[in-house]
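Note sheet for the following structure.
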Amino acid sequence: MNLSSSSVGATQIITVEEARIDAAVAIQFKDRMREVSDGGPARIVLNLRNVDFIDSSGLGAIVAAMKQLEDGRTLDLCALTPNVDKVFRLTRMDTIFGIFDSVDDAVAQSNS
Amino acid sequence: MCDSIPRSLLSLSFQSTSDAVRKTLGRIAQAVADAGQNPTATNNIELAMAEALNNVVEHSFRDRENGQILLSIMLLEDSFRISIRHDGTPMPGLRLPAGKPATIGNEIANLPEGGFGWFLIRSLIIDATYSHRENWNELVLRFSRHPAR
Amino acid sequence: MCDSIPRSLLSLSFQSTSDAVRKTLGRIAQAVADAGQNPTATNNIELAMAEALNNVVEHSFRDRENGQILLSIMLLEDSFRISIRHDGTPMPGLRLPAGKPATIGNEIANLPEGGFGWFLIRSLIIDATYSHRENWNELVLRFSRHPAR
Amino acid sequence: MNLSSSSVGATQIITVEEARIDAAVAIQFKDRMREVSDGGPARIVLNLRNVDFIDSSGLGAIVAAMKQLEDGRTLDLCALTPNVDKVFRLTRMDTIFGIFDSVDDAVAQSNS
């Protein structure tokens, strides 16, 4: 489970470098998210551009990654591909996360 | 074209691990796409099958790796009929889970991390039947055909 | 902040036309957004209310323009409680429609053009209650609060 | 209910010039679609870029617009905004239409 991380202003962008977030990698994903986000800024944007499949275990792992953040930190999402977007819509989890079209949109939001 | 229907598209067995499920899902998606299913509807089948098969690995074999799961796909006139068989722990009450939508409150700390599986399955199938006989469980899911144009 | 809860957010009446419904939906969306609901969840409420109110116009008043519809929104701790009242034709069987997903086959000519209303409503609400008393119908829909951050 | 129409190669692009396709305009939409598509090429792409609200009556009107086309003609969709995309996902109508991110993507598809 490869994640890469960069910063734009006060926002940490974490990019998933895998095509799938599924049951086979869900626990790893949650653990890697903890490592990568540890000690970072208040706002994290998870870039899902490369992910073309997610199942309910992967969805649960993203929720878990948000829940394990310290108080006052937020996790937004961006660049959902259609298959991933669908899972957030069907489960109504689209009401829980800030969801942006692109990294640029997500970053613009934090400046406004 | 010699499209005889019903026709068997895939028949295989694999071990009860999440890696084997992942490989199997690739073969399922390939088989239904080759049968003309459009990409969105192919992903719907892959997603429902991911939920059903991961449930077997997690709940019926409780992550023991030595279970065997048998899978077959039949192409029918208007649908795909996918059967999953195994001799692991049966469904609680020998019934299909209700698949109610998980309740999402507005407290981040209380958000559900699971329980979406059967809700998603029911959202994506035509219907499901479950039977348990002589230690064998069979779950049959049916999906609409949606041809690519 | 003097956030007393429960609190009335909106209370109005309007005529049974689709144009009046459209205007009312704008006011509903504004009221819940002003109460802190995030944009996605605000659209969910607007969508469910569109379905519920258009049903009243089409089915309860059969497109007669002289019906009156009363609407009120209460803000509760974890939810919005929206009430719709009118004295038009009651729900068939005095019960809420089941809201089964419309069956989508693969024949374009047979695709459903309607019947999605109550399926969408049930997908987006916490719960719904319907009562009919002395010629008055009341439908109450509850929605989760999802604050913008 | 304003629709505009243009052609790219053998594809007719019909753009909805309204923010809503709802019960108040559903019948008009269906009628205008018939007028605008009449006698046009086999493939139509409906550009929904400007639409930020659709209800089940609007969805039904798009389905009706597809059903009223002569045999052999197709209706694809592009540039769905998040609120519109959600309605197609929730009702599973996303399995019925070809759905493209943009006019460019939709046109590229017809050339391939």
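The first chain written gets the first letter, and so on, giving A, B, C and D; residue counts start at 1 in each chain.
The rule is short, and it goes like this: contacts are C-beta pairs under 8 Å (C-beta built on N, C-alpha and C of every residue); 3 or more make two chains touch, one makes a residue touch a chain.
These numbers were taken from a predicted model, which means no experiment stands behind them.
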Chain pair, C-D or B-D, that carries the greater number of C-beta contacts: C-D
Whole-Å gap separating chain C and chain D, where each centre is the average of the chain's CA atoms: 26
Centre-of-Cα separation between chain C and chain A, whole angstrom: 32
Computed distance of Cα centres, chain C from chain B, in Å: 35
Per-residue overlap in chain D, given as positions that touch at least 2 other chains: 82, 86, 90, 92, 94-96, 99
Contacts with two or more other chains, residues of chain B listed in rising order: 40, 101, 104, 123, 144, 146
Chain contact graph, described as a line, ring, star, complete graph or other shape: complete
List of chain C residues in touch with chain A within their complex: 38, 40-41, 44, 123-124, 144, 146, 149
Chain C contact footprint on chain D (complex, rising order): 20, 22-24, 53, 55-57, 59-61, 63-64, 66-67, 82-83, 86-87, 90-93, 95-96
Chain D contact footprint on chain C (complex, rising order): 18-19, 21-22, 40, 43, 46-47, 50-51, 54, 57-58, 101-102, 104, 108-109, 111-114, 116-117, 119-120, 123
Chain C residues touching chain B - in the complex, by the definition given at the top: 78, 101, 103-106, 123, 126, 144-147
Residue numbers on chain D that touch chain A, as the complex places them: 82, 85-86, 89-90, 94, 99
